[in-house]
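Let me begin by handing over the structure; questions about it come next.
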Amino acid sequence: MPIKRNKAMVYLSTQRIEAFSDGVFAIAITLLVLEIKVPHLEGSESLWSALGHLWSSYLGYIFSFLMIGVYWANHHHIFNLYKKSDHYFVLLNVVFLMCISFLPFPTAVLAAYIADEPHRQAAMTFYAFGLLLPAISWVSMWLYAVKGHRLVDPNLSPAFISKTTRLFLLSNAMYFAAILVSLWNGIAGLILCTSLTLIFIQAPSEPTYIVENINDH
Amino acid sequence: MPIKRNKAMVYLSTQRIEAFSDGVFAIAITLLVLEIKVPHLEGSESLWSALGHLWSSYLGYIFSFLMIGVYWANHHHIFNLYKKSDHYFVLLNVVFLMCISFLPFPTAVLAAYIADEPHRQAAMTFYAFGLLLPAISWVSMWLYAVKGHRLVDPNLSPAFISKTTRLFLLSNAMYFAAILVSLWNGIAGLILCTSLTLIFIQAPSEPTYIVENINDH
Amino acid sequence: MPIKRNKAMVYLSTQRIEAFSDGVFAIAITLLVLEIKVPHLEGSESLWSALGHLWSSYLGYIFSFLMIGVYWANHHHIFNLYKKSDHYFVLLNVVFLMCISFLPFPTAVLAAYIADEPHRQAAMTFYAFGLLLPAISWVSMWLYAVKGHRLVDPNLSPAFISKTTRLFLLSNAMYFAAILVSLWNGIAGLILCTSLTLIFIQAPSEPTYIVENINDH
Amino acid sequence: MPIKRNKAMVYLSTQRIEAFSDGVFAIAITLLVLEIKVPHLEGSESLWSALGHLWSSYLGYIFSFLMIGVYWANHHHIFNLYKKSDHYFVLLNVVFLMCISFLPFPTAVLAAYIADEPHRQAAMTFYAFGLLLPAISWVSMWLYAVKGHRLVDPNLSPAFISKTTRLFLLSNAMYFAAILVSLWNGIAGLILCTSLTLIFIQAPSEPTYIVENINDH
């Protein structure tokens, strides 16, 4: 008689999802350099001056590289807490990767227009929006996974879960605030985004567990 | 006396094929963003308006990202059923990856011409054709693998195999229908392709086995 | 007293080299699609006609994809025979990957000029040269590894080693012949290269061993 | 009572960092070929002559490919010595990868301007600077890891650590010297960079340990 196997066996393991995500992170982060174009000299311009004019491309490269690098590190931190996956979790992760892979585009737009007075503000708002997208899909994955401890380690302490949820929602609110601020003043929005990145570069807090004995983990 | 080793030892393991395929999936999916070009403003156009005109590029990006993401997830589902590989199976997988890697091109064509009235229909048909190619090579791999239970788990129930074969052939027929529909009306073809993708995003059905005891799996 | 560890422990394992090589193969094979550019329509040209004019790009894509795919599969076959690595072997593998990664360029040149009568012959010769480069570095790795059974499985039969060496040298000679033929006639060179690829797509022959008992492998 | 788990469990394993770094290395090395552009023939120029004019692109490709390849091999050598990681070590590695991923850009600038007399010197200095960046971040990781034997194998002999530190600092000094030399004479700077690469292509020296018994390693 045909029988069904344990559903969990067919679902993608979190390890597989991590490996694929690592590939996408590595490619998205490396593609950023393609947005820095070799300058074409005009008239008597020196190569140094032309390379100097690319400062906004260098800044965008460094900034987006750090952002994707931090997301990569955090992806591993958080996947240590995810113990199972299901079909919709895989889809949410694909959507998250879609937002990460999109980052080279707003980065290129920012680099192209940040020194262009009338368009700077729009470029900055668009970039802040590009940073908000992965933040939103990141918190969606987390909320989906912790609902009823569905996919996370069942021993995670409720206090740690609530604290992390609050932290993730706060980061969403802050990127949203960065969009609003950049609508008013592009430079202020850029400074806010940079500060947020510097905050997120800090080491994440340690998870806490409700078990007393951790030896069997 | 020189002797032959077991042939299966030299063939690529399905795990290796999966790892390589994951690499190609990750790159193809991430390259899609390169098709969204930073807009060059003309005259008094605002950056927002120029970014808005790229809506077809964003749509193409999202749509093809989801398609490749779904193929990636399904590739793992189905490779759980493949237990062995042989030389021609490896070649069929290379051909399948060739079709997946090709997707950024019809996506870029669609994005470039979907808003261009006289060329929209051709762009749409070409895109539907681009979606048909991986579907064809996907079903070819399956048919090759299940013929005489050659490469799949020998305990897979015949009912599950027939059902899956019918499902895959149906999906081929539907993408072919999308081509025909798009020849008549580009927008209708696009809607059909989108619906197909939404269907394929659903969780695949569980495999069934002829064995009663699954503990030794 | 400071002592030296076993040198082999510090050298890269063949598994690491394979994983890195797989990454380069996956990227080189996927980058090929970037050489197919979205056509810009001129005058009253239809999109179908413009897409049709890209036939040489499609051919180049398919041909180079198969070549890299076959090299990838063969790389795994042959790495089953390599049991150790050393510093110069790693460097030879880097040079081999350099030749594989270069392939998208001659492919793009071939696609751009194969339909351009006066330049077709040069494009064809350059492409055949692009195929010869990985073939040369491939045989160099093999010759370095088998010299005194340095890096290969010590139980490989001498007959198998000589046969494989002859086969690899023959393939080098044939690609060199393809260069000469293409100097005389571009189309003939293309046909020869295609035939060679079709030959190499065949399953490689099985290794033979001098041991009688293979259970402990 | 909620308790904290061992901090080390949550930090990224050095294996994970290596796998991600390998991905970035593989992509950066393969992207180099994209900087070689298919030539557009003008007037009666032959394709051979146009392909010949790309000699600087070929040189840049070979040179940067070898540099990244050598860094990749050395990354594995050195990660055999790193036994733990922490948050700031992960960040330092991200910064190192940022410098490696940047290399295709100075390579493209060098290829574009090395044959352009008035700009050659600037292109060469910029390229030497591009080589100095990964060298600096490389030594930073090492200094951070060995401080108080924080992250390295605690049995590494102090003599080996000091010797390696001196070697890494020397390589920084030499790339800095290459910048100075190239400011005076571009060709001399190029020759110095090439010589440095040829030196670094040599096999690294073996680590030594303070333990007498190495069997339990």
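Here are a few things to note about the model shown:
We call the chains A, B, C and D, going by the order they appear; numbering starts again at 1 in every chain.
Keep this in mind: contacts are C-beta pairs under 8 Å (C-beta built on N, C-alpha and C of every residue); 3 or more make two chains touch, one makes a residue touch a chain.
All of these numbers come straight from a predicted model, not from anything done at the bench.
In terms of the stated touch criterion, chain B and chain C have no partners in common.
By the residue-number overlap criterion, the interface of chain C with chain D counts as different, with under half of its numbers used by both chains. Compared with chain D, the chain whose C-alpha mean position is the greatest distance off is B.
Per-chain Cα centroids separate chain B from chain D by 37 Å.
Centres computed as Cα averages put chain A at a distance of 26 Å from chain B.
Along chain D, residues 19, 23, 26-27, 31, 34 each make contact with two or more other chains.
Chains touching one another, given as pairs, are A-B, A-D, B-C, C-D.
The part of chain A that touches chain D in the complex is made up of residues 19, 22-23, 25-27, 29-34, 36, 38-39, 41, 46-48, 51, 61-62, 65-66, 69-70, 72-73, 76-77, 80, 157, 159-160, 201-203, 206-212, 214, 217.
Interface residues of chain A, counted against chain B in their complex, comprise 1-7, 9-10, 12, 16, 19-20, 23-24, 26-28, 31, 34-35, 86-88, 90-91, 94, 97-98, 101-102, 104-105, 108-109, 112-113, 119, 122-123, 126.
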